[in-house]
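Multiple structures are listed underneath, in structure tokens.
Shared between the two complexes below is chain A, which pairs with chain B and chain C, respectively.
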Partner chain A sequence: MTIITLDGDLAIIKVTAARLDAAAGPAFKADIQAQLNGRAKRVLLDMGDVSFMDSTGLGVLVSLLKMLGKDGALAVAGAQPSVRRLFELTRLDTVFSLTNSVDSARAVLGD
Partner chain B sequence: MISSGSRHSERPLNVLLVDDDDLFLEYLTWELETLNCTAQCAMDAEQALTLLQDNVFDMVVTDWQMPGMDGIALVERIRALHGRDRFLHVVMTTAGGDSHTIRHALNAGVDDFLFKPLDRIQLELAMASARRNVAIHYRLQRRNHHLAAANARTREAYRRVQADLDAAAALHRRLLPDQDSHGPLQVAWTYRPAQHISGDTIGLIPLRNGAHLFFLADVQGHGVPAALASFHIHHRLSQLAPDTPAALSQAISDLNREIEGQQSESYATLICGLLFPQSGEGWIICAGHLPPFIMHLDDVAPMVLEGAFPLGWFPDADFDPMPFQLPPGDRLILYSDGVTECCDAQGTMLEQSGLRVLLAAAKSYPIDQMVQQIDAALRTRHGPAGLEDDISLLALEISTNQIQGTA
Partner chain C sequence: MTEPDIVEIPARLDAVAQLADHLNASCANAGVAPQAAIDLELALVEAANNIILHGYAGRSDGTIRLAVRQGHGVVELDLTDLGIPMEDGQMTMCRPFSLEAESGRGIQIIQSCIDVIDYHRNAGINCLSLKKFFDPSTPTGNPVPG
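Let's turn to the complex of A and B:
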């Protein structure tokens, strides 16, 4: 459900599931943990295909952020309106950079 | 005499022999004893039935043609008396017989045939097959016994877990607000866990300075871990009982650090505030939660709030209360996302807009009836499919005829 590409310390994670929820969240997290394994400092999360995210999905993104540590950076590309609303509601939009496209997310991450 | 050592390490088969020929009985008894069997003899069917009543046999070897009740009738009687689950291997001896009669015997419940005159190898084969059958039967019986015992233990464990969950749910329910003892402040709520116990909690706590602390928390996830966390939040907020905006901010910051410090990845969204029913003044903190609705006489709208992070994510997060005013007759409505994400049969969520429509339709009713109507609408919406997420909704109103001085 995830395609992860590593490019130096930048990991590009494409979430291919339509729902990032209590059912899919734990597997998604395990997948990321196994593949990143401390190798990335910057993460670009392509969420264009995700139409629904619940509190568990959101929790996974926060643990991903914490996994990156203090100097880590995370940008989200292409969040659909309902997902974007959840980021805004929980103020995560002040922690992640929300961008419309993968290219602008790359730019935000200084790539 | 002993044909196989391993075979004889098994217990002897108890065999009932039925034949009107005593010489044949004697011969067969002797042969069977060499094959590790103990035999008892009956000269006719009646005697056989009496012996079967008082003894347990693994096997019956019966003649077919006997004076009185014949072998087939005897087998029919035995099978009828024993019922399906009782095992008994039945062999019929006969000097011959057409296929029609043999089929008749099979239908009556005969398992095998021995043809007279008996030869040793035929008998050994029949007894080996009988022994295997008996062994399989007893193994199955033992296994069934173990399974039944294991099943009983599982059922008992399940019953205990269920009882614990019931007790925990009842305990959590007792924390929920009293519907009718808040002076000028009217309160109504609905609270329905998706599973046994809920990660949501609702609180309304009267404070010494006349204010009421109100809150609605929703812990991420469901079930027991979420319920324990929401219980903790409820308990801590009641304990801290902040009665000023500054104390409120401090209490939520403390709670945030406590949850973050648990390193459990658990987090909660929370709306928490203070309301002074005498003046209608209030302060509110919205930590990652959906904004409450304010209901005026002619309008229902979400409160415009500067939100904060949910509790448990970032230890240094700030939680600044925002002031608000609740004039008498207006209502403040807090709800969990289980309400707005309540799906109909097509999987369409209610959304905030849908809740707003429901509230607008029910706003002329007294506050308790309004909440009942919303609850009924949600039940109708999710139908028999049940809830995916915990549902909780808390409505507050300062009564218009409030000058009774209670606080």
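Let's turn to the complex of A and C:
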């Protein structure tokens, strides 16, 4: 479901699941928590392969952002139209940095 | 409107994608505007999740039936189930946005995506109807505002 690469305090999470929904959400959250385990302050979430996300998947991203704390940062790269629409509907596009590419997301995170 | 295009799934979260696939295929065949199709899928999945988690309270022995009807610039979804009834007004009450909540956004999303929402219960059957309008006359068929 995820491929996580650590580069200093930056974690690059490639989400490989096509649907980040209520069925996949709990395992996704457990996977991230286990692999990050407090080792990152900045997270780049590569969602280019995710064609659909529901509110459960979005809730996992919110929990991830909270986990990083006020000094942390999270950028989402490659959100497809349906995923981007969910961020917009919930106003969470004002909280999460949405970029079109991994390189842009790296720049947002100061890398 | 077309005759309903029907699919039924077991009330399990891992089966909800089948409803989405059915809806997406129907919308593609009917030439529904992409943005409208996105909104419909978002609303459908949230509604189905709610039926499973709350209507059936996590039971897996129930079913959810989806009927899709296509019209000129409109798509209608009817979701029926045999779970516990929804509270009066639950689907239409105003809900504040929360940027920090990790859950509880489902109904807000449905309200934002759908133009007409109707819920009724008859003879122990819940029926949630979701209607989405879109402009079919432009190449992109942008959703009708409002």
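The rule we apply is simple: the second predicted complex is superposed on the first by the 111 of 111 C-alpha atoms of A that agree within 3 Å, B and C clash if a C-alpha of one lies under 4 Å from a C-alpha of the other, contacts with A are read in each partner's own complex, and residues count from 1 in each chain.
Keep this in mind: a contact is a pair of C-beta atoms (placed from the backbone, for glycine too) under 8 Å apart; a residue touches a chain by one contact, two chains touch by 3 or more.
All values derive from a computational prediction rather than experimental measurement.
The superposition on chain A brings chain B into a clash with chain C.
In the superposed model, C is the one of chain B and chain C that contacts more residues of chain A. In the superposition on chain A, A:Ala27 contacts neither chain B nor chain C.
Look at A:Arg19: by the touch rule set out above, it reaches chain C but stays clear of chain B.
By the touch criterion stated above, A:Leu6 is placed in contact with neither chain B nor chain C.
By the touch criterion defined above, A:Ala107 reaches neither chain B nor chain C.
In the superposition on chain A, the residues of chain A contacted by chain B and by chain C overlap at 22, 54-56, 58-59, 62-63, 89-92.
Every residue of chain A that touches chain C in the complex is listed here, in rising order: 19, 21-23, 52, 54-56, 58-60, 62-63, 66, 81-82, 85-86, 89-92, 94-95.
Only residues 218, 220-222, 265, 267, 269, 288-290, 307-310, 313, 337, 341, 389 of chain B touch chain A when the two sit together in their complex. Looking at the complex, you find that chain C touches chain A at residues 12-14, 16-17, 20, 34-35, 38-39, 41-42, 45-46, 49, 52-53, 97, 99-106, 108-109, 112-113.
Residues 22, 54-56, 58-59, 62-63, 88-92 of chain A touch chain B in their complex.
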